C-alpha cells in the first residue's frame, strides 16, 4: 500500500543544528559505532555539512513520482532520505526538485540512487549524498510511500531521526537518543580537543594513551635495522 | 583494416556551440532519452562543459599510437572520442597530447579508458571525460582507425555527431538531428525556466503539474502520524 | 611475530625532494614502467604532491593500533605507507593521527584501506592517498609490524624506498636506484619540455617522432570520407 | 552492549518448510515486492534451497567470536543470518563451524561477509549465501550480539523471521505475516501453474494477459521490415 | 516512438547452426576481433552453447512489458537480445517467459540486465547470458521497441545478426558477413586442430610458430639462475 | 630488460604434493596468515585443487607472447603464475596453450588477468585461477620476463615457491619454509580432525575452546526474549 504519513514527529531544529559542530566520524563513535550509512554514498561536492530531521521516501526503480509528493511534507530543517525498492542508479533528482525543496528550507538530500544537474546543484549549494551521478531520467508512473520506515544504504531510518552528513559520509541518530548522543559527542570532542593540542605539540599517542606496557605484554619487539652493504 | 577517414562531415560549429546553454540532462530528455554514454565516464575536474563535433578513434588495448595519428585530422571545435577494442584502464593520454590537441583548437576528450597528468590537464583547463585515471603508459605498436563508427561507453558514435559533456556525463546527438534537438532543448529549457521560477516561489510541483488527481486514482493515501508515547 | 624495526635506512631528503619536480607518470616511465601502485589509491583532495622516504606498516583488518606505534618511528620527510593483511575499507586514520604525524614533519599517508575526517585533513593540507573513505572506526587490539617489507596496492615496498604521489596516483622507487631514476626523469623531462613547446606551436607528433613511414609500412590507409546524400 | 537473547520467538517449522515449494522470486512477489536481500549475496554452490527461522548475529569486522556463541542458541530448522557492523569480506565461517551448526540441525547460513572451506561445505551440502569467498581468517577478540534486530544486505531482519534462500538469492518474511504470505504464494503459484501450461502449449502472454488493447492505446506500432537490397 | 518491426531478415538456420562447432573466442578471432559483447554478460549455468538469429528488444529500466510483446515475433532458431535504455539489474525474465520462448523454439536469451528463477531455467536447460541475477520483479507500464538496432553490452546489434554464446561470453556476427566468417572460422579451426595435435605431442609453440629469432632480435636474454646458499 | 631465468630452484615435487591434503585456508593459517592472493582470483570450475612449484611470468597488458616462451621452461609439477605489468582482463590463455602446458606436466595456471576457451579447459580438467573470463585475444609484440620475482594479486611470488590453489583461492608458501609450513599444517589438521569429530557429536565450541569465562569477563550478557503480545 502506498501511503503518505503527515505531521510526523521530528527531531528538534536547535538540537539538530547543534550536531553540525561535530563530524560524522565523531558522532558515529559517540553513538557506539552504529548508524553509519554505506560508504558508497558520496557528496556531490566537497565541503558540505548538514544536520536535520529525516523525511523518508520509499519509491520504485527508475520512477521519481514520489519526490514530487514529498515536497509538500517538508519543512525548514528537514533532510530528505530516499531509498528505491530495487537497486537503481538512474538520475531521480535534479535542479527543479532542488529549487522546490530549497524553497521550503530543506537542508539537503540523501539518496541511494542517482542524481543529475550537478553543475546547477553545486552553484545553488544544495548538497546531495548519492550513490551515482547520471543524466538518465525517470518515469512518473508508480507510487511509493513517504514517511514510512526505510532501509537506506544498509541502515534502518525512521522519519524524524537525525541525519548528519559531511565529507566522510552519512550517519543516522534515532530521534529519541539524539540528545544523549549530542552530549556524548560534546564530551568526546572536548577530550579530543585536548589530545589534539598535545599531539600537535609533539607528544606521542603511545604516552598520552599509555599504550607502551600493553604493547610489550602482547609481545611487540623493537629491533634496530641491520646495516646493508 | 586500419583506415583514417579524412575530411569527414561535421556538425556546424555555431550549432554545436549553441548546445552549451543546456545541460546534458536537458538535451538527453529533449532527444527522447537516447544517446547517453555510460555513467562510468567522469570528468577529471568539476565545472567543465563542452559541445563539439566528434572525431572518433578506435584503437587496441594499451596502445595509443592512433592518438598521435588523430591530431592531424582535428580542427577547431572538435571533440576527440576514443574507444579501445577491448576494455583497458591504462593511461592513454596526458599533457603532451593535450598540448597538441589544444594547439588545433580541440575542445576536449572523451575516452573509455585511462588518462594521466591530471594536474597538468587541470592547469591547462583541457577537459577529459574518462573511465579511469592511471599513470600507466601505453605502447605504440598496433594500428587502429580514425573517423570510423565506434561504440563508446555503450553508445554508437559517428564522426561529426555532436558531443555534449558536462558534470553529469556525456551525450551524443546524431549530426542530422542536431538542429531539431537544439530546438527541442530550447523549448524544454524555456518551459523549465518558468517552472523553476514558480518552484522557487514556493508553488508545489503537485499543483503545477496537476498530479493530485492521478495520485488519488492510483490509490495514494494520506494518513496522520500516530502519536508515540 | 610483531616487530618494529628502528633506524631504518632512508632515501636522502634532498634527493627525495628533487622528485617533486616530476609527475608520477614521468617517474614511472623513467623507471621502466615498474613500481606503480594500483589505481584504486586516490588522493582525498586534488592538487597534492609529495615525495619522501617510506615508513612501512603492516597491520590487521579493522585495527589501527600500529598507527599509534609508527608515529614514534617517523621523522621529517617521511611518508607512511600502510597495508592491512586482509582487505578492509574501515577508516583507520583521521584528524588526531594526522596532527601527530604532521608534528613530526611527515609529508603524507598512503594506505590501502579507509580514512576519515576528510574535511579536517583537507583544511590541514595533510594529503592522503587511500582506497576508501569511511567514518567507521577501528579497534586497538592486535599487533602488526613497522618497517618490514610490505605489498601495498600490488607493489612490494621496503622502508626507505622513495614514494612519489600526485593526482595521478602513487609510484615507488627503490632507495638504491632513486638517484639513477632521478637522472632519467630529468632527461625525460628535458626532452618532453622541448617536445611540448613544439606541439604547442602546432607541430605534429607524427613529424616530431617520425611516425609516418612506420604507419604506412604497417598498412595504415588514408581515405577521404564519402559524401552522404 | 553485547547481549545474547535466549529463547526467541520462531516461525513454526512446518510453516517454514511449506515455503520450500516456492522460489524466492514467487514469495517476493506474493509479499508485495519487499524483503529481498541485496543480490550480492550468492550461494556457494548451485541448486540449494532452504526455508527456516532466522537466528541473527551482529558482529565486528574480521572477528567471528560470536559465531561460536550463536551455535548454542540454535535448534533444528534455524537459519543463521550474520551481518558485520562494518563491511568486511574476510572468511568468517568454514568447515568446523558448519559441522557444529549441522549437528544442531541448522539448515544453512546467510552472511554479508566471506566464507571459506568451500570444497568441504559443498561436500557436506551445508548451503551458504555469502558476499565473498576468502580463505582469510578472523580474530576472536571482540563481542557482538545474538538475536538482536540486524540489517543484512539492505534488509531489516529480526530473529524468528522466515528466511527463504535459493539460486535467485534470499528473501525475508516477517514472522507474523508468514502464514498470510504463504497463502498468497500458494495462490500465485496455482495461477502460474495454469499460465505455465498454456504458455508451454504455445498460447501467447499477449492473449492470456489481454495486453493487446493497452499496448495499442499507449501507441505501440507494428511495421513490416523494409527489404534491404 | 515505440515500434515492433515484423518479419525482419534473419541469418539462415543452417548457417547459424554451423557456428556451434566453434567457440566464441575462435569466431571472434576469425572475424578480426570485433563484435565481442562485454565480459560482464555471464551464462547462468556452465556448458551451454547456442548460435542463432538475433531478435532485438529495447526497453525501459525495470519494465519488462516488451518481453511479452517480443514472444510473438520469434521463431525457431532465434536468440532474443535485450538492452534496457538505462542500466538496471532488476530480474526482467523468469520461468514463465522462458516457457513461452521455448514453446516457439527460441534457443536462449542475452540480456544486459537481471534474470530470476535460476533453478527452473537450469532444469529446463533454457540458457541465459545476463549481467545480474535478481529476484526483483519489473513493471509492465512503459513501451519499448522490438527489432530495432540496439547497443547491448557495448556492441551494436541488428535483428537477424548471428549471435554465438558459450562459457566464454557472447559474440555478434553481422548477418551479411556470417557466411564469410564461418569459412574463416573453419580455416582457423582446421589450422588449430593441427597445432593442437603437435602441442599435445610436446612440440613447442616457439618452434611451431618460429618465434625464436624474433624474440632474440627484440632482445630477449636467457640466463641461468644463480645458486642461492 | 627482458630475461628468462633458466633452471631455477624448485620446491620438491613430493613435498609439494603433500600439500594437497590440506585446504588453502588451513595452510594460510598454519603459515601465520600471510601469503594469500587476492580473492578476485577465482577457479574457472569448482572442485580443482593443485599444489606445485611456481614458474613466474611478468608480461605487458594485452600481450601473451611470453606465455609461449614460458612453456619451454616448465616441467612436471610446475604451476605457471602470471602477472601483467598493468591491469588487464584480456583473455591471455586458452585451449592451445593449455595443451602445451599439459604436455609438459604442468598442473595449472594462476593469472591476474583473463582466460578463454572455458569449455575446453573444463573438459581437459586443466585448472585455472583467473581474475576474468574474456574471449578477447592478445598481441604477440612485446617482451616480458620469466622466472623473475613478481607481485601477483597482491603477493610477492618467486620462482620455486609453493603454490596451493583450491575452491577458496590461492596461497603462496616460500620455498625455504615449505617443509616447516607442511608440518604446521599437519599439526593443525590433526587437531582440527579431533575438534571436528567432537563438534559433529554435538559438543559446543564454547566448551571445547573454553570460551565461556572470557566472554563473561568481556561483558557478554544473556537475557531471555521478552514475550510479544
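Order as written gives the chain letters A, B, C, D, E and F; numbering starts at 1 within each chain.
The rule we apply is simple: contacts are C-beta pairs under 8 Å (C-beta built on N, C-alpha and C of every residue); 3 or more make two chains touch, one makes a residue touch a chain.
On a predicted model such as this, the values are computed, not experimentally measured, just so you know.
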{"item": "Both-way neighbours, i.e. chains that touch chain F and touch chain E", "value": "B, D"}
{"item": "Mutual neighbours - chains that touch chain C and chain F alike", "value": "B, D"}
{"item": "Whole-Å gap separating chain D and chain F, where each centre is the average of the chain's CA atoms", "value": "30"}
{"item": "Inter-centroid spacing, chain E versus chain B (mean Cα positions, whole Å)", "value": "28"}
{"item": "Separation of chain C from chain D, taking each centre as the mean of its C-alpha atoms, in whole Å", "value": "42"}
{"item": "Residues of chain B touching at least two other chains", "value": "33, 36, 39, 85-87, 89, 134, 136"}
{"item": "Chain pairs in mutual contact under the definition given at the outset", "value": "A-B, A-C, A-D, A-E, B-C, B-E, B-F, C-D, C-F, D-E, D-F, E-F"}
{"item": "Parts of chain B lying in touch with chain E, wherever the complex brings them together", "value": "33-34, 36, 38-39, 85-87, 149, 151, 154-156"}
{"item": "Residues of chain F defined as touching chain B within the complex", "value": "60-63, 85-90, 134, 136, 139, 141-142"}
{"item": "Residue numbers on chain B that touch chain A, as the complex places them", "value": "23-25, 28-29, 33, 36, 39, 42, 46-47, 49, 166-169, 171, 192, 195-196, 199-202, 204-206, 209, 211, 215, 218-225, 228"}
{"item": "Complex contact set, residues of chain D against chain F", "value": "1-9, 45, 65, 68-69, 71-72, 89, 91, 94-97, 99-100, 102-104, 114, 116-120, 122, 132-137, 140, 143, 147, 159"}
